[in-house]
Every structure is written in C-alpha cells, then in structure tokens.
Amino acid sequence: MILNPKKQTDFRRMQHRLHEIIFEADTRAGKWFDVILILSILSSVLVVMLDSVAAVKVRYGIFLHWMEWTFTLLFTLEYLLRLSCVRKPGRYAISFLGIVDLLAILPTYLSLMLPGSQYMIVIRILRVLRVFRVLKLAPYVGEASILIQALLASRRKVAIFLLTILTLVVIFGSLMYLIEGAGNGFTSIPRSIYWAIVTMTTVGYGDISPKTNLGQALASLIMILGYAIIAVPTGIVTAELSRAGHKKISTQACPACMAHGHDANAVFCKFCSERLNPEKESN
Amino acid sequence: MILNPKKQTDFRRMQHRLHEIIFEADTRAGKWFDVILILSILSSVLVVMLDSVAAVKVRYGIFLHWMEWTFTLLFTLEYLLRLSCVRKPGRYAISFLGIVDLLAILPTYLSLMLPGSQYMIVIRILRVLRVFRVLKLAPYVGEASILIQALLASRRKVAIFLLTILTLVVIFGSLMYLIEGAGNGFTSIPRSIYWAIVTMTTVGYGDISPKTNLGQALASLIMILGYAIIAVPTGIVTAELSRAGHKKISTQACPACMAHGHDANAVFCKFCSERLNPEKESN
Amino acid sequence: MILNPKKQTDFRRMQHRLHEIIFEADTRAGKWFDVILILSILSSVLVVMLDSVAAVKVRYGIFLHWMEWTFTLLFTLEYLLRLSCVRKPGRYAISFLGIVDLLAILPTYLSLMLPGSQYMIVIRILRVLRVFRVLKLAPYVGEASILIQALLASRRKVAIFLLTILTLVVIFGSLMYLIEGAGNGFTSIPRSIYWAIVTMTTVGYGDISPKTNLGQALASLIMILGYAIIAVPTGIVTAELSRAGHKKISTQACPACMAHGHDANAVFCKFCSERLNPEKESN
Amino acid sequence: MILNPKKQTDFRRMQHRLHEIIFEADTRAGKWFDVILILSILSSVLVVMLDSVAAVKVRYGIFLHWMEWTFTLLFTLEYLLRLSCVRKPGRYAISFLGIVDLLAILPTYLSLMLPGSQYMIVIRILRVLRVFRVLKLAPYVGEASILIQALLASRRKVAIFLLTILTLVVIFGSLMYLIEGAGNGFTSIPRSIYWAIVTMTTVGYGDISPKTNLGQALASLIMILGYAIIAVPTGIVTAELSRAGHKKISTQACPACMAHGHDANAVFCKFCSERLNPEKESN
C-alpha cells in the first residue's frame, strides 16, 4: 500500500511524537508515561509476589490472576508501540532493554500453552527482571558510570581475589570434611565447601557448624582469614574510586608527537615541547 | 498588661539569662543544666527499658511508673521554659529539636487518655527519640558535618548501590523460592527475599537456609556476590572522606618564580618569598 | 646498713646488668630472657585454658595445678627482680605494665585465701592479661604508633558513629519489641536491643529472629542499613591512614611569625616570607 | 649409551619442542596443552568431590574410581615429561610448582599401599591443591603482584592487628566462660574463645550464644568492637593499594621556570617548554 505524501508525513510526525513520549522523558507527556510505567512495573511485581503467599492466594487468587493478565496485556501493547515508533525495530528488539521487555511479557502467554504448574512458576520469575526498566528513569547515569568504570578497572584484581577465595574454600571445605565427617553435617565435600563459603563470607547460618575441637580450631582460622581477606576487595574498589576523583588528565594528544596523558593544566607537551592546543572546558 | 520599662528590662534580662542556661553550654550554669538533662534523659530511657522486662515490672512496676511521671513532668517544665525564653517560640516549636522535645513528653500524657495497653506501648517507644537530645551537648559538630557532607556527596552512588541490591535480592529471592519451595522454609517470594537480604548482608540467622544442592550452590553465589558488593559502599564513602580531608591547594603560581602547589592560605611563595596574588574565592 | 663504696658500686653494676637483661632486648642475655618469658606466659595461659576443659582436668588436674603454681612463683620472682633493678620502683609499680605484671600473679595467691571456687575462677581470668606482655618484644612499635595515631585522629568521628549506632539500636530494638512481642523471643526492650546489635553488626546468631511479616520487613531495613553503615568507620580509618602516609609536614615553626604547618620542602615562611631554618633529617 | 651427534641434536630439538608445549603458552600447541590440562585438573577435582557424595558413590563409584586412576596416570605421565624436558630436573622437582605437581599424583598411589580408608581420605585431599596449577595460565601476574606487594607492605600492621584480635578473643572468651558457664554451651575456655572468634568476625553461627543478661551485654560490646575493628585491616590494605597506584611525580624543578610537579617521565617542562635535567634513579 502506497501512502500519499501528506499521509506519510502525518504518520512520520505521529511516529516521532510517540517516540518522544515512550523513549524520552523531557516532555510533560514523556515524564508522565515513564512514571506510570514504573508504577505499573512495581505493581505487577507486587502481584507476582503476593500470588506466591499461600494465605493471600486463597482469598485473592482470582483478582491477582486478572491483575497479572491486565498488566501483561498493557506491557504487550507498550512493547508493540515501542517496536512501531523506533526507526530500526530489529535493532531495538535485539538490544538488552528490548529483550528484557519481551521476556517480561512472554511468561504469562507461555503459561497458557504449558499448563504444567512447575514450568509456569519457573517462567514467571523472569518477569521480575522488569524491575531493571525502572533504571531508565534514573538521572544517575553519570554516577553509575563512575562506579562501573571503577569496577571494570579493578576487574582483574577482583578476578584474582575470587580465584583465591575459590581455591581456599575448596581446600578448607575438603579439610573440614575429613576432620568433621558426615556425622556432624559435613556429609560431602561439596556440602563442606558450601559451609566454607558460608563461613568465609561471614554469613554463618549455623545449619552446619563444626563440633570437634580440631574442626573448631580450623574454623577459627578460616574466619580470621575471611575477616582479613574482606579488606582486599574493599581496598581495590576504594583505591580505584579515589583515583577516579583525583588529578584531571587532558584528553588531548600532542599535535606534534601525538603523546597522550598530559595534565589538564599543561601548556607544552612534556615529551617534545610542542605547544598544546588550549583545553576547551566541556563539562 | 503593660509592664513598666524597668520591669520589662528585668524580664528581658531574666529571659536572656534563662536562654543562656538552657540553650548554651559556655557558662557554668549552662554546662550543669546540660549534664543533668542528659543524665535525666538516659535515666528515663532506662526506666522505659526496665519497665519492659517482666521480672522487673512485677517487683518495681509502681516505682518505675512514678519515675516515668516524674521525668515526664520535668521534661514538660523544661519544654515550657524553652518556649518562654526563645525570641520566636513558634520557630523553635517547629524546628527538628523542638518537635523531638514535644514528642518526648506527649506519649505519657496520651497513655492517660487512651488506656488501651497496646496503644500505650506504641506511643511509649517514641520517647526513646529523646536520646537525640544528647547530641546537643556534643562539641563534635564539625566532625559530624564532615561525615554528613561525605555521605551527602555520595548519596547518588549509594542510591544506585541500594537499587542494585534491591533488584538482586528480588531476583535471587524469587529464584530460591522456585528452587527450594515452601517445604524448606521458603514459603513465599517475600519471605525468600527476606532470606536473600539476610544472606547478602552477611547477617545469616539460619532460621531459613537452603537444603537442596542447587539451592546451596545459588546461595554460595549470593554470598560471594554480597561479600564483593560490600566493597562498593565502603569505597564510595572512603573516597569521599579522603577527598574531604585533602588540604586545599591554591591554583596560583608564584608571580616571580612560577612555582605551583601553594596552600590556599599561603601569602608568600614558599620557594622565593615573593608575595602571592590574593586568592579569589571561586567556589 | 651502710655499704662501703666498693660494694655499693658492685651493687649498682649488678643492678644495671639486671636491668639490661630484664628490661632491654639488645644484648644476648636480654633477648633470651624475653623469649623464655614469652614462652612461659603462653604456656601458663595454655595451662589455664586446659584446666577449664572438663575432660583434661579429670586426667591432668594435679599436673596443671602444679604447673600453675610453678609459673606463678616464677613470675613472682621476675616481678620482684623488676622492682629491684629499676631506679624508681614506685613508678614502675604504678605504670600500666607494672600493674599488669602484678595482676598476673595475684589471682593464684588470692585463690589460696578465698577457696570459694566461683571466686577463684573470676580471679584466674585476669592472668590472661599477661598476654599483653608479649607485645613488649615487638619491634613493630613504629607501625603500631601509626595505627594508634590514625585511630586517635579519628576518635571523634568514631564516637559520633558509635552514638548513631547506639541510638539506632535502641529505637529499632524497641520497635521490634512492639512488633514481634515476647512470644517470638523479643521478651523485653533490652533483649530486643541485643537482637538489634546482633543484626546490625551482621553477626546474626539466629537465637532470636523475627517471625512476623512486619518484623521481617523492619529487620531487612535494619540489615541493609547496617550493611551501608559499616562503610563509615572503614572510610574514616582508611582516610586517616592514607593521610598519615601522604605529604610530609615540617615540624618547624617560622622563626619570625611562629606559624606552623609548613611543607617539608618549604624554604620561606608562606605567611611572612622569613627564611625557615633548614629541616634536619631526623628519621 | 652414546648417541651419535645427529641423534643427540634430534633429542635436543624434541626436548626443546616439548618444553615449549608444556611450559609455555605462546604457541598453538602450548595453548591447547594448557587448556586441556586445566580442564583435566578441574575434572579430577570434580571426581574427588563427587566421590565424597554418598548417593553418587553408590551408583557411580566404580566409574569414579576408574576416572581417578586415569587422571592420576595422565598426570604422572605429564610429571615425567616435565622432568625430562627441563634443563635441570632437580631444580624443577624442588620448586613450589614441582612439589605441588608431585603431591597431586602421590595420594592415589599411596592409597594402594595403605588400604586404610581413613588414611586414604586424608591423602586424597592434597590433590585439591592441583587447583593451584590453574593459576599458571593467568595473564594476571602483574595485577597479582600489585596485590601481593600491597599485602606485604602492610604485613607488620596486619600482624599487630591479628595480635590485638587474638588477645581480645582470649580475654573476652575467658570472660564469657566465667559469665555464662558450661550450662549455656560455653563448656571450656577454648570453646568460649572459639565463640568469641565466631562473634568478633561477625560470622555468628548461633550454635553457642549467650543466654544471661550480663553475657548478652558483653556479647553486644564484643560485636560493636568487632564491627569497628574490621575497619582497621581494610584501612591498612586500602591505604597501601592507593599508594601503589599513585602516579610517580619527579622531584625536579624546571631549570628555567622552577615549576615543580613534573611527571617522572617528563622530558620538557610542561609550563615553559625548557628541557628538564634527566631524572637520576634514586630508589
């Protein structure tokens, strides 16, 4: 079907307006849309939660069922509108937020075709991911990116740290299995490793705990070690965050020798003495 | 009633003297007043606490009742004196400390009119807020404001952090509900989320704990994650506190020797003794 | 009794030699003395510990009793020698280490005069303080003083922090007492405050834990708060320790205007342009 | 047996090629070898773990037994190849990794000669150490060395910290033994010290917990102390890590404009473009 130019322009304008409302938050309508969307998401998550409480389900089960379907239909409509108003629907559909949006509506439909109750519950949980959409509203993107950059900058140190922790819990878990034995709750090496993780992270449920003297001595060692080790990731992240806030480095390269990493206040290149372009304040 | 000038001056002087004693702590009388006030507050909180211990209430119930009324009447008198000696009583009454002062005496009176025991207990608890008045004495205001400023400066990062934690506990809580089921104590999603918070914050009561292998594996993941995540708020606050404490460095160079890095309060260049240009306050 | 000069000199020399052995550790004899002393202290603490284990006491009770007396007599001899070889015995006796030395031997003697077994145990525990003497040997005094200085520098911030924690646990403890009630283990406000401390410090025994929905919701809030609050003391101490390692500040005052706080590299006073005395490297 | 020159050269070449594959990871074959080795190690650890689970052992015991022997024979072959292709086999054999490699294969052979099941289990656990070999692959050596250096630089402060903790748990453990007594689970001083460690490290199993009022009050003190003390090692490691990451600043001033604060790698003054004197390495 070929639209005449007038109609095509109208369609474009409407598409543009819809995009402004759904994807942006700097107009009055766009803001209201986002606020209502977030409240709907939180409500629908609440519905799923309440549905899992036996006492509530008995009394309000049918109402919750209807609420769930209402929200699902609303989110489906929203998903279709999103697809229709972006320039490249395919790119949106395979973006992270697009996939989350789809996963947020699929489970309810799937629960129709697959009436197996166990299955249904497994799928339903994915809808909780909808909470992530709330983040869209946040004007905190700048701060979040500082945090993420600090975590990324320290990812290698954290990886080494995690590897050390894993090695320690495997060894200590196995040792405790030998020392305590199945009689005291340490029924297998995997379970003993679970205990070692519970202990080293200072969670300490107490569902499994050493009973023998040697076991308690080794457990004490593990606890003090865990207590000392917690200092390491904290130190890593803190050092990285402190660094992020320190000395400003110019983003400019020397026009002559192309060297990077000049201080923001540098006038001449420190490697070849060429005059640098004056830094333009951008932020 | 019109007071003659002499009497009015007398009243003003007395009002001023009272203000000095009650609101300030730099005279002998003012200091004594504050010390006695704090001891009274602590004693009255102790009375409420002891009153809640069954064994104590049986034996000393009447005495505690009298003590409670004595403290309430004393604090009421103090509240009225405060109102009478400030220039603008209305402004004091709606200030934070004024409201706390009022809330500290109201519950006991309300317990007379509303004899319902359950109600009474709910009201009584508000009196514990009286403890806040102790802070008045503290000469630590400067240090406290550094702490508060550091926390305020990092409020956005902390908000992002809390949002991440909440999202994680909702997802992990729901997953554990599916994995463990009601039989192992994970009776509903809200309760499973409660468990996830208990685990992620490394509290670990052990009233609910995973029993299945898959559940213990996921719990291990949550614990290690929680252990790594604790590094983030620490890093945020530490970086902020370090920044707050860094000595201010002037951005000026010496007009004579061009040396940088002078303290913000420096008057002369520390390298060549030339007089520096006065720093213009920019922030 | 008047000693002739020769003998008096001999006595002085012996006293000096004894002082060198007992109080110093830079001679061969002094080092050996300290090593043996520390091993004796650790052994005697071990004896007290083993004596408390019922199974061990039944079999080795008499041997442990003899060991205890042997150590006590040895430490008494040592205490007397210490008193005899210092210039001012009175000053040693009332010094911190002197009091600890005395308290380390008193309990065993007191257990003779007061045969009440409960009493005896109470006294015995003080001997564990003997462990503090081990610290004498440590060549780590410099590092320890950095730690102590960092802690002292942050004592006000820590005091504010502790006051905040105490206020929070009193309020939250009382609230939980109202919400949960005596039926769920929250038998009194003091016990509920104990629970709040157990929770906020992320210890989480699980001997008392909330059962009601509202209680678990409030508990979740307390845990997340405690988790966030742990960042504060860490931040304080870290910032202080980082500072300790930073920019060196000269200990000199300006000869002309007496101003303090010059950088170690400053040549002229930054306040009055007077030439500073050259810094003498002392450490 | 004397090899002719041709054959000897061939042997050398083969030995060199083998060394490249087994000890290095920069050729295609070397990379594959390492990846397969790590997968084998992880699989063999998994086999040991599964073997400890009663339900799995009943069904797959024989298969796991065969797997264990296959891995052991493979690792034995690998160990012999390693010995044969290094220049100095003796030095490899007594290196840390060499000993771990040997310990990783010995237990299975020893389990043949010593059929005592208890013994066998004790030996088997050493094979878990094989996990350490995984670290060989890690390209994270640089980051790990920063972490290790930071930990080494703070080893004295950490030692003081640990000594303080140990002293505190001995004293508090003994006090709790006196206060609570054997009836409430504090059956001996060593067990009470175990409880103090569990509490101070905020693990909090709850297998032993104070029941008396005085005991709960002291426990509260220990918890808050532990909570505050956790700040110290974190502060130490963080300060050290921050220091390690600080950009090196040259101590030189520009010969022309006397400006300070040039980076250690700067060749020209960043303020006036004068050539700087070459930095003399002092440390």
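The letters A, B, C and D name the chains in turn, as written, and every chain counts its residues from 1.
Keep this in mind: contacts are C-beta pairs under 8 Å (C-beta built on N, C-alpha and C of every residue); 3 or more make two chains touch, one makes a residue touch a chain.
In this text, all values refer to a predicted model and were calculated from it rather than measured experimentally.
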To get from chain A to chain C along touching chains, fewest steps?
1
For the two copies chain C and chain B, is the contact made of the same residues on each side, with over half of the numbers shared, or of different residues?
different
Can you check how far apart chain B and chain D are, centre to centre, with Cα atoms defining each centre and the answer in Å?
42
Suppose each chain is reduced to the average of its Cα coordinates; what separation in Å results between chain B and chain C?
29
How big is the gap, in whole Å, between where the Cα atoms of chain C centre and where those of chain D centre?
31
Shared interface positions of chain D, touching two or more other chains
190, 193, 202-206, 230, 234, 236, 238, 242, 271-272
In the complex of these two chains, what residues of chain A are touching chain B?
45, 48-49, 52-54, 121-122, 125, 128-129, 131-132, 134-135, 138, 140, 143-144, 146-147, 150-151, 158, 161-162, 165, 190-191, 193-194, 197-198, 200-207, 230, 233-234, 236-238, 240-242, 244-245
Note which residues of chain C are touching chain B in the complex, please.
156-157, 159-161, 163, 166-167, 170-171, 174-175, 177-178, 182, 187-190, 193, 199, 202-206, 209, 213, 216-217, 219-220, 223-224, 226-228, 230-232, 234-236, 238-239, 242-243, 247, 262-263, 265-273, 275
Residues of chain D touching chain B in their complex?
202-206, 234, 238, 242, 253, 257-261, 271-272
